[in-house]
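Below, each structure is written out as structure tokens.
The following pair of complexes shares a single chain, chain A, combined with chain B in the former and chain C in the latter.
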Partner chain A sequence: MWTYLLRRVLAGLVVLLVLSFGVFILVSLSGNPLAALQANPGISRATIAAAAAQLHLNEPLVDRYWGWLYGLLHGSFGVSYTGQPVGSQIAQRLLVTVKLVVPAVILSVLIGVVVGVISAVRQYKPVDHVSTGLAYLFFSTPVFVLGLLLKDFLAVDVNRAVGHTVLFTVGENTPGITGTWNVFVNGVQHAVLPVLTLTLVTYATWSRFQRAAMLDVLNADYIRLARAKGLSPRRVLFVHALRNALIPVVTVVAIDFAALIGGAVVTEIVFSWNGMGQYLFNGLTGAESPDVYAVSGWLIVAGTAVVVFNILADLLYGLLDPRIRNA
Partner chain B sequence: MAHAAKRFGSLRRNPYGAALIALATLVAVGCSSSTGSSSAPGTSSPGASSPGASSPGASSSAPVQSGGTLTFALDEDVAGFNPLAAGDTEFVLAEMQDQTLPRVFVVQPDLKPVLDTNVVTSASVVKNNPQTIVYQINPKAVWSDGAPINADDFIYNWQAQSGNPKFKDAGGKPFLPAATSGYSQIASVTGSNGGKTVTVVLSKPYGDWQSLFSQNNPLIPAHIAKSAGFNEGFQNFGAAAQVSGGPYEIQSYTKGEDLVEVRNPHYWGTPGALSKIVYRFILSDDQQPPAVQNGEVNMVNPVLASIPFLDSVKAIPNFTVQVQPALEFQHMDFNESNPYLALSSVRHAIAYGTNRQEMITRIVAPLSTQIGPLGNRLIMPTQPGYTATDHGAGSFDPAKAKSLLQQAGMTMGSDGYFHPNFGPEKGQDFTLSISTTSGVAVRSEIEQLFQADMKAIGLKINIQNYTANTLFGTIGPKSEFQIIEFAWVTSPFTSGNQSIYCSYTSPQCGDNWDHYADPKVDSLFSQALSTIDPAQATAIYNQVDGLLWSDMATFPLFQNPDLFGWSSNYKNIVPNTSNIGIPWNANAWGAA
Partner chain C sequence: MPEPASDLTPPGAPPALTLVTDAAEGLAVESRGQFRLALERFAHHRLAVAGLVVFLLLVLLSTIGPVFWQYSYSAITDQFATGPSAQHPFGTDLIGHDLFAQVMEAEATSVKTAALVALIATTVGTVIGALAGYYGKLADVLLMRFTDLILAVPLLAVLLVLANKLSKQAGSWFWIALILGLLLWTTLARQVRGAFLSLREREFIEAEHAIGASDRRIIFRHLIPNAIGPIVVSATLTVALALLIEAVLSFLGLGIQPPEVSLGSLINSGQDAATSLPWLFFFPSGFLVITILSINFIGDGLRDALDPTQRAHR
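Here is the complex of A and B:
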């Protein structure tokens, strides 16, 4: 087990290393942060040279990568083209994204699994049709539309009914709130709508995976055998069927979770949350884009999340199915 | 210095700040007297919160509760915290610093400047030749760190904005002010009476003298700036940016999120009624109405309101909405370092090809019927002295536009686009890019209409937008654009426009991002600045504007109808259409 884990971690590190090199090179080559300066005849060569030196653009690409990697191995994410320390910027953004994504993923897993299982067990019954319809509705609704609808038709009505603001539509918190409990409650009030938005679009997908996996398992021979042996329907469902039907869903959840750590860009923008997604967006579209240091810093965090969650998924496979663990 | 909207500066930008302030001050107030205090009799601090405050133009007399918070949604973040430095002079910054930095005169909603007696008890021209101004600083006036506000602050603020290379910033670097209008004419600033009396002697008369140390040219603390640095010491939020000389001080700033102001405990005048003012950055306008409905935001003043925005906020119960033509106008700037835009004929062709009336009909007319194509970039139609000086240069004439492009050395291609016969785009479709702030629906609409107009005359337009921070902090000041669209927010002091239109080769012209230069304009500006008589000064400024049209230095589109909206639970809120914005009297705001 430990050997397996170590092997996966080492493989993950190699993947990150290769990925970081590839992204650093590709992002660097994908655009020229000095293009606007160079295209402008009014800008002197000295100014352009100074800007190039400041951004290390006058150094060979591999040297720049090595310098960045050396800094990373020594705990520094470097400084972005806009002069901001990437590490602290990402730390702030990551915290924001985690506050959004973790509750949404937990809720999505719970709802997705329950809805998927019920749909499978009640296949082609009204409850299946309703859950399928809702899943398609949420799955096909653009995130920004859903977010705006929730703002206009949920938050406004709830707040009006209550008589004061309990559901917030802008930002991660209200400035100037003091006291741990007040800060926590305010944070929750700000998180309700974006978390709900993200949950609705995420659960919709996962419930379909869960339903399909559950149907496969329920039609398997060993389930028929279990029923024939006289096991209770509840035991067949939860111990024998669901456990196996969770395996493909675990894979999807792990991959999606890791991707969301990289940023739920649209949700963040609609609700003015300054998370990882906005950080990447700014790094790719800002004034001195592409900002290879900002993007590379983002990649390391998002890539690490992918590697870690894939390893976790592999470990979960083993827990769910001993045959995998012993293989 | 006016502000760009960048609503600046004060872009929405405010490059006009000081200059316009000065002119308009004179024009509007009619204070042509060169001697005697300019303060209106009985004037007091701007926006005094107590009943009976005598600030003219302010209806800030309703009794209000002490305490509470007001949240003001802004659609732009700040690029820095020095309102005097090139690159920082955004309108939103001016708004945020209305209550934190002291200023001698404050332009009221009726566009008349009034002395802030909390800062100086008098400001008078005591001598005409040479023009000499004496300021008596309020003996109680102190910065929030306890240092007195005294002559050193006036001396430093003059030196930093003088454009005189003998004065150096921290580290021996040259000062990089956004503008030098008026300050470049000061021969000396001296202190006496323990630093509480300041005597300013000008080498040449300055008509807009009331713009000095005033409006969006507030005093920054000399004792802080000397060590931190004028150019760089205020770039990032920190202790330097928190030192206040007004009723409020900045408590916190979170980039991209908010700036919070609380009462300045060291303020010597009447304390602000609200205990907290929150400036919340909601960069996408369509997110503001729901936030207002939810009670998360109490005040809005978008860069340029769209019809859906107006409809949304008007439908909110207990929410006051006012639309007023502002001292603010949308315009396009041409970067003349581009080999094509360097040609006057190409710039004129673009202007002739742009249907401004169509833009106004689609974008502005539903907000205000008073707006038409703008014929003057220095004086707005709502100011005395406005005259359309374009002489037809702003008319819509696509045929003439095409003809001018042909004369400029372009050949119409089979694909309907002109092909230059010279330069880097030789033989290719003639293509230019336009940039503005992202997230502002109306500006996007302007760009799209412009793109369609240009396609009709054979010019391909690419749209590349940036956040306000990037556009006004980097793209504009570094001249990394071809065509840029934004708004200048001005004041009645027309001299503040000088830094935008004087020749870019001069270090005094920090707001000229366009590489525009015309010695005649420089000369006329110099003449206007030294003209005391407001009618004569206005006539000269109109001559300047005529030259700017003739050169098509920039292309004014239309005066902004400014939308102000606020929760009716708050009292004493009075919109101010000059470049200090609605928070000019925020110290008087409060819940009823």
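Here is the complex of A and C:
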């Protein structure tokens, strides 16, 4: 068990190292962060040269990567091209993303599992057809279409009906609000629409997984045996079937959740949340792009989340399925 | 063997029926039974058939429509921001483009891009999966580690970097399709490898080896046809995925660039005026969602038809 864990962690570190090198080089080569300065006739050559020196642009690429890695191993993410320390920026961004992603994932798991199980138990009944139709509709709808629909139509109508703004559509909070309770309420008002958007697209996929897993299990011989023994339908469903049908879903949820830590880019952009996804997007396409240090910092945090949650998913798998634990 | 027409045609059937059986007979000649069975299973999946009909209609409209429509997608009319009317069924945008012409053009661009993505991804995925699964050993290790690496790459970051760079070039739809195609083949490669690993141990492949068949013959005549189910299903679902990703990239301004239009870029330009000029948002969005939905239904029907082991997973 412990050797297994150690091996997985080491493999993850190697992947992160290789990826960070690849991304560092790719991003560095993808553009010129000084383009805006150079295009401006009012800026002297000396200023540009100083900026280039400050960003280490005169050094060979591998040296730059080495310098970044050295800093990282000494606990520093470096300074982004906009002049702010990447570490504290990412910490702020991560908090914003977590406020969006964690509620959405919790809601999606609850809705996805319940809908999937009901759909499987009532296969080909009206409730199954309705939930199937909705799931197809939601995963065929691009996130930004759903987000714009909620933002430009639902929110406007709701706010008009109530008479004042209850659903905010821009940003993660209103600056200048004081008092713990007020800040909390304000945050919730900002979060409703983006969380709803993310939940609808996420639950749709998960409910399909849950339904498929549940159908597999319900058709298995041991379920027939459990019924034949005369166990109550409820006991068969929850103790014998659901527990096993949750196993494949756990993996999917863990991996999708890890990917979302890197940012729900489109949702964040539609609702102007300053989260991880927005940070990556700005780093790659903003004014000072490509901002290698910002992007590399993002990669380390997002990549670590993926590695950690993959390992967690496998451990959980073992917990739920003794056959894997013993293997 | 083609069946004689008289077996299929009831005596005294009207001519229209004869036409139908002719078509069926044509298929029977080409197929070796399996194809026919799959076709019948597909035809039983009502949503899949509906999806296919809707998708074909959309393709037809977007390819033939512009020939007959009075406005070109790039022509600027003297009517700005007018709502849907008889003259402009989908209305016009802020600078006077006819939105119906634009949506048709955008639909064509989006579908064309997604189809090319699916073609590239399916070819690369099948070839890599086939080589790894058939030759095994070192080839397998190298190809699968390569696949793992591509799979571990943060798709989004790479897409943003490359799209940002390449979308500024002429014929941007081609470059976008190329990037997406070269990144989206990994799942299929793993599936094909898995299928090949188990197929190559079967007796009929052993028999082929025994009679001295070449590797090429075994792969193309025996292994790929036996793994065609997952390949076709994956190709279809890749079309849907590519439509979604291309739309997102274009929405972020990194995909299809003007003068070309795609559904994503139309939604992007319509979003600022979404509340005051809702048609600029609803028509392109509606076409995008309906296109993706119809392809997902087709994929679902194909899975039932070609991959009966996964039957229950609708």
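As a convention for this text, the second predicted complex is superposed on the first by the 294 of 327 C-alpha atoms of A that agree within 3 Å, B and C clash if a C-alpha of one lies under 4 Å from a C-alpha of the other, contacts with A are read in each partner's own complex, and residues count from 1 in each chain.
The rule we apply is simple: a residue touches a chain if its C-beta (ideal position, glycine included) is under 8 Å from a C-beta of that chain, and two chains touch if they have at least 3 such contacts.
Computed from a predicted model, the values in this text were never measured in an experiment.
*Asks:* For the three-chain arrangement built by superposition, which of chain B and chain C touches the greater number of chain A residues?
*Replies:* Higher number of touched chain A residues: C.
*Asks:* Report for A:Leu215: first if it touches chain B alone, second if chain C alone, otherwise both or neither.
*Replies:* It touches chain C, and chain B stays clear.
*Asks:* For A:Leu137, select first, second, both or neither according to whether it touches chain B, chain C, the two together, or no partner.
*Replies:* A:Leu137 contacts chain C only, not chain B.
*Asks:* Is A:Val156 in contact with chain B, with chain C, with both, or with neither (first, second, both, neither)?
*Replies:* both
*Asks:* Identify the partner contact of A:Gln189: answer first if only chain B is touched, second if only chain C is, both if each is, neither if none is.
*Replies:* Once the two structures are laid over each other on A, A:Gln189 reaches no partner at all.
*Asks:* For A:Ile269, decide between first (touching chain B), second (touching chain C), both and neither.
*Replies:* both
*Asks:* Between chain B and chain C, whom does A:Phe168 touch in the aligned arrangement: first, second, both, or neither?
*Replies:* A:Phe168: touches chain B, not chain C.
*Asks:* Does the superposition put A:Gly176 against chain B (first), chain C (second), both, or neither?
*Replies:* first
*Asks:* Residue overlap on chain A between the chain B contact set and the chain C contact set?
*Replies:* Shared contact residues on chain A (touching chain B in one complex, chain C in the other): 148, 152, 156, 269, 285.
*Asks:* Over in the complex, which chain A residues touch chain B? Could you list them?
*Replies:* 36-37, 40-43, 148, 151-152, 155-156, 159, 164-165, 167-172, 174-176, 269-270, 272, 274, 282, 285-288
*Asks:* Once bound in the complex, which stretches of chain C touch chain A?
*Replies:* Touching chain A: residues 149, 152-154, 156-158, 160-162, 164-165, 240, 244, 247-248, 251-252, 254, 264, 267, 271, 274-275, 278, 281, 285, 288-289, 292-293, 296-297, 312-314 of chain C.
*Asks:* Give every residue of chain A touching chain C within the complex, in rising order.
*Replies:* 15, 18-19, 22-23, 26-27, 30-31, 132, 136-137, 139-145, 148-149, 152-153, 156, 212, 215-216, 219, 262, 265-266, 269, 280-281, 284-285, 289-290, 295, 298-299, 302-303, 306
*Asks:* How about chain B: which of its residues touch chain A in the complex?
*Replies:* Per the stated touch rule, the residues are 69, 251-252, 254, 256-258, 260, 276, 278, 280, 282-284, 286-287, 290-291, 293-297, 335-339, 466-467, 470-471, 473-475, 478-481, 515.
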